[in-house]
């Protein structure tokens, strides 16, 4: 059961673990944390509990407060309100250098006067690790990010992706109890990125480090995380394992943010949600029950449509219109269908794709299992969807 | 027909256009361009021709010279060898500020002492556009990147994604004949990214601006580009439209870099390519004919496998082994199958997925249409594949 | 940082120092606070062998600075020997900054020409030992100023005419005011405010606009062509001829004029600060300096008249050039007056001095 | 801005780097300025070997006789040594306290900054005469004058007073330069250091310090030359440690001889040697983060 | 666990102590003295405080004082401007255009002349510029001019002496702040079509502003109090206000009056500096308004 907004903290206590684990090395707990910059609220009464050794991804729109949250954990910013515990310890007033936390900075923050190797060795030198061990561990870390060859370069002499890998190695090599990664793979090509993902995951499971991982790559988040926190305007919209986030989005925003969704605005009734053009949406698993007579949102993912050129003779969960465009994406085809209420975007595997051309009349239908319904509160956030925008042109 | 390496330039002249177009506003031509940093060769005898109004993506591994190429086009670096023409004009000796080219910098390079609006207005002010028009155009640009609300912020007070959007707006607003974009959407969440993609594409087609676009997001490149240039170690491996790059990779490197591929090393024979465990690969469309008796590479994409739990009774294009793992990715399933020569990664839609569990013996087979064959020159580049790495664990 | 580095130990050089036998016993370091380049460095170096003392020499730029320093550091100034000018002795004495001399420690006292003893600033020579003396006049280029100049009146007149903008004046309060008073037959020690007002009026309006520089040591600049006429002390004026020759210019047209109808007589003295830590060393040095041949060596170095009897003869024997500019005749001496520092006028004089400088700089 | 220039439509003959006019102009200007700064130095060197008795007026080549004379003139030699010692001491003080204050101004701003900046401004605005005289009366009027009067640890009181007096203005200069350097220098680097476990002091030494090395070097060089040139403050507090400029100032009663040039040249050479040795040592010190000389060279 | 937080000004504490003890308190003592009076000649001590008054201030505040003050401000202001004009391109070249090796070399070349003693190096200009100096001899001998130019003792000579001696104080701070500006920002500016000059004016200069300000303060203020430099070459034309303090306090042996003059001078220079700051702020405000972009409400 997912609960939205202010009482997220309740839902974040994983059933499998009890409270004892929060004192363990690597646990992270934020309670009612608020951070303001002037009048601007960057993080807004945020609650979040991370298990020791967990891989937690932070996902959210640009400017929603992810970096700010990490900065408070690392100790560069002080929360204006609320408390933070790391490894069970309240960290107010504990300076960054005394926290067993390392960060991969979004903008890298490499030391320009040090070589790659020196950058990576820096954290170990602070801990007075002996020289030979430093060499070994730095070499290992550089090897992992494939930067061994450039060990003696200065940061300014490297490409963006190379710099990012150094930033990653510099944090990793310390094996802290909590690792904060702010889009650590964003500047890497897909192949390298996947290799790094595997390495990171491996490292994390081997060493039991808690990862708090900011990314904009949803596949990455889905593939790597134990749980994902979806943030919006400084708070957590949903905190759950990847499948739940995808399958049972806690809010219209999450449904629209993760994967794609076609949204309809309508009125809740006893039958279901009735859109402006009369399309009726019946959901088998309404996440949020909207009282009859109120405005509501219904959503269906592009992958969930069946398109036929004949009328499937259904009373609900069907929309009819004309094909606006068909595009090929490798083995999938994307249809944009012009219906009364909105343009529907549908993705179908080539095998199931009907042979229709733009202008043809078609019926799109879907199963009740694939319908999400929400209150209309976030209608503004989801209705101007890229698909809509695209369709309008 | 795609030709590799040094004589790429020949193949880059699109059949539809003749040389006349290279004098047009917005054409870009690089001939034998080389750039060295000390002994390190960042760009190596690079040839590239971009049509006016074309959307060209540069794809390549980290450090392959993409940024360096853009910097030479913009005029920040001078090629050590070779020539560059922009809009038909040789640009040696023409300073950056006289080139009708604008850049979205990989690290943004926003002016810290100016507000967002002032940053965006900067280019227009240089052209002495009148004040009211500046306001309108800046407002439009900011609106497009959804930064209108933050127009009076200073760069330092913004999140990474917000800064990136300002950098984008700052370049776009000038409507140059050539726009260089160095990972311009890398720090944006998927939704915003897709919206920006659509806006960019629209702008490009409306204004006829030539885009040279560096990205690590292959889908993005595939979806937006007229052509894609795949770079490796400072040169162009392949330059072609997205479909060709995917369907008919010019080299093993490209095949491994774009999408995923399972590679086998083997010996070319009259029958086909024979892998170490005896698997025989017969290709219907060999890109590169390898003389019999020489080492060769065969590749099959994960999506192209059929997995059965009974022997399909084929003599070639089949491999047998045991299931190492099965993972679910939304509507697809990923199988890792342990065969004699290597671990095979296969992706199957749920509908066609066999019900097998790790440890079960299975047969993977594929169509001759799906086999790529290459010489063994790039074996080192492709054989240590993330899939291999993953499989080894 | 120890004393050794700062002072060095003297090493014997060529000639044997003379008169060392009769010198009083002394040892340690003597901190001599004096004008720059005012003592033959060879003598300073030889003091070690000759007297058993090492000299640590420090420098000041004006008597006022010397007094200010002694006053501010009263009791622990750290100096053993100073070289103040006569008119400043009274205040040094009444401020109790000086030690009364023990003449028994200066066996060579008798070598001093009595003409220089018993001056008004220290009538019984209880505190100070006269060392050297000189006067003030001016030097001009007769190829530019073709008429003959003989008095301070001529000086001011030439400054306003032929030498306008090419004239230098000495850079001290008294030396700017003095010539005006002398030219007008007034004592430079006048305390009449009307005199001072008139002086200000004249100097600011009639003299200042023509001044090129306030230069207490014009000889080099003069030789470089900076001035056509310079107020100067005699020793320095004498140097001007040497400089002119060195510069390859003909010194002949340059004429030296001792100020008239009256001019200054200044005299520097050795004195021992009240808080001296090594007065015996100071006595030893003073006594040594009173040896005629030592005094002569000092004279040859600085070019001013020494108070020790017989140095003039030694100088004449050695055929030092332009002796007339070193040694002043008794007749000239009659028209020279010593300065007095007065409470009543000191501030006013500084005001005038500031005003003249402001007018000259405008 | 269209780039249509007729001359460039054909392929250029060879690869011509574009002329960086700005570079050539500023380079030419800089060399002119350096020549301007160097002209007098050349003449000082030449005239220190003047055979005549005046520094300014060339007579004939006199070899190194003034150098020999200089070295036998104990008091003059002592002033050179004192000048050098005073410069080293005051530079160390100025750079240390100035750097710390500069860092604090930029990194820990608060209400105190205004007070401090005002104090700094006052320090700079106050004419040296006043610094000198007030320091003199302060040292000797108050009860705590021991170390400043007689010295401690074998260092003379006068030398200590010179260090203090000279360091006042210099440290203000260092503070301002360090501040100018750090303003806008990426704070995230220091955050990164803290993140990697470096306590503030170490992060300062290993990250901030090398990053502001150009400022420190600039400040140190300026402090050093201020001290070498100081006359006014020295004339008040120098006393038992007379300096070379004081000697020069004191020569008003006599002529400026070439030994003055020789003294200048000697001090100059020693300082230069010292600077080079210092830079060498800093470069040698191996520790990359202490590589100040390399940093200044590389920006 | 809550911890004791170090005060923000911790790093500035050494400076605070240093200035407090060796500057603020002694100078305060001086200011107190300025209300006293001078003892009669020959009396012990240099100040009497049994009767306090503003008399000294009144006596010091004369027409002459004012006129010299204004001419000093004019001279120092002009010289500061000249230093900016001459020094900025040099700093720019060293920080931005010069290669790494040249950078170090140039910095050294700019500072090295200042290791030659101030008095010696400045008066060496006379060797070059005096009426029978090297330059005039050359000009006259070669018939370029028929009469020598007399530079020494003119306003130009005053400027020469000041600029020559204060130039590095301008170059170094500007260099230091230019040096830290990301090259990418200049690239971005050029990319957006701004030429060299506009790039300099709208990106480089604003970002180097702290350095230019520091340079201006560091040259202007000491120049305003310096009374030696200008006279070496400028003669009577180099009369600066700082001299009156020396004249009152030392020549006139009236320390209280000198202290009053100093206090007035400190206040005046502060006023000038602060008003200059206000003017600069006003100009920046205007420029900012010009640069401002108003976003229309409805888009």
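As written, the chains take the letters A, B, C, D and E, and residue 1 is the first residue of each chain.
As a working rule, a contact is a pair of C-beta atoms (placed from the backbone, for glycine too) under 8 Å apart; a residue touches a chain by one contact, two chains touch by 3 or more.
These figures come from a predicted structure and were not determined experimentally.
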Farthest-lying chain, centroid of Cα atoms versus that of subunit B: C
Chain pair, most C-beta pairs within the contact cut-off: D-E
Per-chain CA centroid nearest to the all-protein CA mean: D
Where subunit A and subunit D are represented by their mean Cα positions, the distance between them in whole Å: 55
Rounded Å distance, subunit C centre to subunit E centre (Cα mean): 36
Residue numbers of subunit D (touch at least two other chains): 1, 55-56, 58, 133, 137, 141, 184, 248-249, 256, 298
Junction residues of subunit E - those touching two or more other chains: 46, 126, 130, 193, 196, 207, 249-250, 255
Residues of subunit A whose C-beta touches two or more other chains: 107
Touching residues (chain side subunit E, partner subunit C) in the complex: 38, 40-46, 59, 62, 64-65, 67-68, 71, 126, 130-133, 136, 148, 150, 152-153, 231, 235-239, 243-244, 247-255, 257
Contacting residues of subunit B [partner subunit E, same complex]: 74-76, 95-97, 101-103, 105, 107, 109-115, 117-118, 120-123, 125-127, 134-136, 138-140, 142-143, 148, 151, 170-171, 174
Interfacial residue positions of subunit D with respect to subunit C in the complex: 52-59, 69, 72-78, 81-82, 85, 133, 136-137, 139-141, 145, 149-151, 154-159, 235-236, 238-242, 246-257
Residues on subunit D engaged by subunit E in the complex (per definition of touch): 1, 20-23, 25-27, 29-30, 33-34, 36-41, 43-44, 47, 55-56, 58, 83, 93, 96-98, 100-101, 103-105, 108-110, 112, 116, 119-131, 133-135, 137-138, 141, 164-165, 167-169, 171, 173, 175-177, 179-181, 183-185, 214-215, 217-219, 221-222, 224-225, 228-229, 231-232, 244-245, 248-249, 256, 260-261, 263-265, 267-268, 271-272, 275, 293, 296-299
Subunit D-facing residues of subunit E, complex: 7-12, 14-16, 18-19, 22-27, 29-30, 46, 86-87, 89-90, 92-95, 97-98, 100-101, 103-104, 106-128, 130, 134, 164, 167-169, 172-173, 175-177, 179-181, 193, 196, 207, 210-211, 213-214, 217-218, 221-222, 224-226, 228, 242, 245-246, 249-250, 255, 258-259, 262, 265-266, 269-270, 273
